[in-house]
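Look for chain A in each of the two complexes below; its partner is chain B in the first and chain C in the second.
Entry: the complex of A and B
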């Protein structure tokens, strides 16, 4: 309990520092958000063009697809907002030996790295995701009972940790290889598959994004339950299980990595 | 205690004891060019580099140990193992009864670390904010924090720039700020890896005084690496010298001088036009390059010689008998000279 209180306090302090830092570089932050919206608009335009050709996509209506698309952006945005620093681990921090400082502080290194920075640009993803979900819901003829809404909200922390877990595991590779930024990137790219219903892909891709790099668990499967009430045990249980497995694996690999860390000459 | 100095025995009084510490790095070796790169991608060849070779030594509580050695000797690598950053390949180190890699979090609360080449300050924020964050990380209570900041402010003169963003600080200011950051939580042991690198004389002096002051007031044990021997002479009675990963000397500065300080310097002034040739010390005494050097500058001549081969009295009487001199004196070689010779010898002894 004391540990949790302390962790929350440290998190709050880092956040406050980050906001102060952000205020020093306002211009950059605004450009970041504008850039994101431009990318998302072009994606939506693409969806709109597809649905002008066909009324449904493998049985999914345009608003259902928009819902899945929006839902996928929410955990991605939250992870991006809070835990973006893992990219720096993969690209710079370990290679340059700057990881030393985390090891000389009385705070869990993974926790320290995770909460040290926030990425304001991610607000673009988050706002866009929430907007798309809210816009699509009234057009989808599902039974919107309390349970489904609650399920959707409760799933968000877990599916966020799927992103964080994958990033932690891939970032940890840098402890051995010195640089793993592109490995993170490669795996992270699979999350783009999560924007559309997994049913549109062939079996191989479906299996990969369900069981191996399970980004389909971040929006498609939860949506199967939320929109259609299908198989809650699998559609909600698997994402929760996957987040626990990935995060645990991430923590284990990270701590193994600490022992392999070689710093840099100085 | 004498035994501990040489790392043979161990006692509970020692703040730091290091036992056969070793660190090997794997280096991937690549043939040059694109071809080499591709080859190493598929069949990486690795080579073992021994950075630290079974080093043992001990440091008593409240001692300031000067840790020296030429570039690439392995000083920083040792410091990194002592601070828990690197896991030793073999051997062990115990600091205040703790092993740095086991229970790291409770261990690092007792130590302060400064790497002169890096900073742990928050780059984009005013310096004051860094201390605020570290206060929370190290759980320093409010009143202790206020007193501590006042103290550090006074010793390291932070006031002028405590409100400036860290990225705008000069090197000297940043170094003082980093040292203050490492001391905020009143550590028992302080590790300083080149804390005076690149600083001017005044700032160096300021930093040395601060270290001395803190060591005197709080009995903080300090390990200090540096290439500026004035740091060592001012701060530490004892030095450990390493070269190519092995320990080559461990003892007090007086001991170093006694052991290697047979080198003396003879100064004199003479009107004799070519004193050097006339005297021809090398032929007279059969002294090799290592044991003799002569420098002439106008009228004054400086002769460095090994007094264990040629006693000072012989040197004096020979010189005075050969030419007319005005003003003659003999001096102990300074520590720089000794160290220069030791670094040159490598890890033979």
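Entry: the complex of A and C
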């Protein structure tokens, strides 16, 4: 209990520090937010043009596809907002020898790295994701009840950790190779598959994005339950299980990596 | 001419050595980008599967697959880092070092980047062209390859690269206004992704938009070479789009020179 309290306090101090830093460069963070916002807008235009050609995509209507797209952005945005610093581990921190500072501090290194920075750009994804989910819900003739809405909200922390877990595991590779930014990139790009209903992919891809790099669990499977009430045990249980497995694996690999870590630079 | 070559060849060499150091990283990066192609492939397959199965806006599914692969290849061939490099140098002041050397600012970048790109391009282009041709032959049932088409494509890519290179140099000067280069670049890439037909073929857009976008410099980047390779442009059209590419290349070449002159006057480097 005492530990959690201390962790929360440290988190708060780091956050305050970050906000001060951001206020220094106001114009910059607007550029970032608009940038990520435009990425989503471009994808939505793509969807809009496609749905001008066909009424449904493999049985999914435009609003259902928009819902899945929006839902995929929410965990992605939250992870991006809080835990973006893992990219810096992969690209710069270890290679430049700056990692040593974390080893000298009296907090867990992974915790320190995670809470050290926040990335305001992520709001571009997060706001868009929430907006798309809210806009599409009234147009979808699903049986909305309290349980489904509650399930959707409760799932969000878990599916966020799927992103964080994948990033932690791949970022840890830098302890051995000094630079793993592009490895994170390769695995992170699999989240692109989560933007659309997994029904459009073939068996091989479906299995990969369900069981190996399980980004389909961040949007498609929860949506199957939320929109169609299908198989709650699998559609809600698997994402929770996957987030626990990935995050645990991330923590283990990270600490293994710490043991292998040799400082770089002089 | 010979003296010039002697001046700039070391930059090509430096570029080649740079890329050799980060080879593995580059492979991971390319694989990550290739994933986006797979996503597009599946979504288009679903679109054509849900529709009648015929051509949509002049594209059949096999042509769309070829289009996606060619877009990826062309995007890789003409990629240019200039905006980032120039921006960084303006921001941290190393641009001052360029001012005291008796070589052209733009040309050093150009040659360094060529050194950076040539090995990777040969490594990626040859197998991908073969792949495209195999896909085309299998899907259409007859050999589609044409050597003149390939040559015109390469020529068009060279022009597209020059447009992209000088455009990026120009864009790099935005660092005088925006410090967050990564964000500014992302914004630029998204907009160009759409205007250049990378996201969706321009013929899918409403008529007026398509006409306007075709005139803009960005269609000359990816769309023109790909259309040429696919044999969609013939005769007079071919000359017209080549002319447009030459025009935009010269335009951004001139603009980059102008911006360079103006900003050198404005440049204040602190410390040093």
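Keep this in mind: the second predicted complex is superposed on the first by the 265 of 266 C-alpha atoms of A that agree within 3 Å, B and C clash if a C-alpha of one lies under 4 Å from a C-alpha of the other, contacts with A are read in each partner's own complex, and residues count from 1 in each chain.
Just so it is clear, a contact is a pair of C-beta atoms (placed from the backbone, for glycine too) under 8 Å apart; a residue touches a chain by one contact, two chains touch by 3 or more.
Please read these numbers as outputs of a predicted model, since none were measured by experiment.
Asks: With everything superposed onto chain A, say whether chain B and chain C fit together or clash.
Replies: Here chain B and chain C can both sit on chain A without a clash.
Asks: Would you sort A:149 into first (chain B), second (chain C), both or neither based on which partner it touches?
Replies: neither
Asks: Looking at A:261 after the superposition, I want to know if it touches chain B, chain C, both of them or none. Which is it: first, second, both, neither?
Replies: After superposition on chain A, A:261 lies in contact with chain B alone.
Asks: State whether A:8 touches chain B only (first), chain C only (second), both chains, or neither.
Replies: neither
Asks: Quick check for you: in the superposed arrangement, does A:185 touch first (chain B), second (chain C), both or neither?
Replies: second
Asks: Once chain A of both complexes is superposed, is A:56 in touch with chain B (first), chain C (second), both, or neither?
Replies: After superposing on A, A:56 lies in contact with chain C but is clear of chain B.
Asks: With both structures placed on chain A, which of the two partners, chain B or chain C, ends up touching more residues of chain A?
Replies: Ranking chain B and chain C by residues of chain A touched puts C first.
Asks: Quick one: is A:24 in contact with chain B, with chain C, with both, or with neither? Answer first, second, both or neither.
Replies: In the superposition, A:24 touches chain B alone.
Asks: Let me test your reading of the model: by the given contact rule, A:36 touches which partner, first (chain B), second (chain C), both or neither?
Replies: So A:36 only meets chain C here.
Asks: Between chain B (first) and chain C (second), which does A:252 come into contact with in this model arrangement: first, second, both, or neither?
Replies: After superposing on A, A:252 lies clear of both chain B and chain C.
Asks: Between chain B and chain C, report the minimum C-alpha distance in the superposition, expressed in whole angstrom.
Replies: 5
Asks: Determine where on chain A the residues touched by chain B overlap those touched by chain C, and list them.
Replies: The overlap between the chain B and chain C interfaces on chain A comprises residues 25.
Asks: Enumerate the contact residues on chain C facing chain A in the complex.
Replies: Per the touch definition, chain C meets chain A at residues 25-26, 28-29, 31-33, 35-36, 38-39, 42-43, 45-47, 49-51, 56, 178-180, 182-184, 186-187, 190-191, 193-194, 199-200, 204-205.
Asks: Give the list of chain A residues in touch with chain C in this complex.
Replies: Residues of chain A touching chain C: 25, 27-29, 31-32, 34-36, 38-39, 42-43, 45-46, 49-50, 53-58, 121, 179, 181-183, 185-186, 188-190, 192-193, 195-196, 200-202, 205.
Asks: Mind pulling up the chain A residues that touch chain B in the complex?
Replies: 6, 9-10, 13-14, 17, 20-21, 24-25, 97-98, 100-101, 103-108, 258-259, 261-263, 265-266
Asks: Show me the residue ranges of chain B that touch chain A in the complex, using the header's touch definition.
Replies: By the definition above, chain B touches chain A via 25, 76, 80, 83-87, 101, 104-106, 108-109, 111, 113, 115, 117-118, 120, 122, 124-125, 129, 132-133, 136-139, 165, 193.
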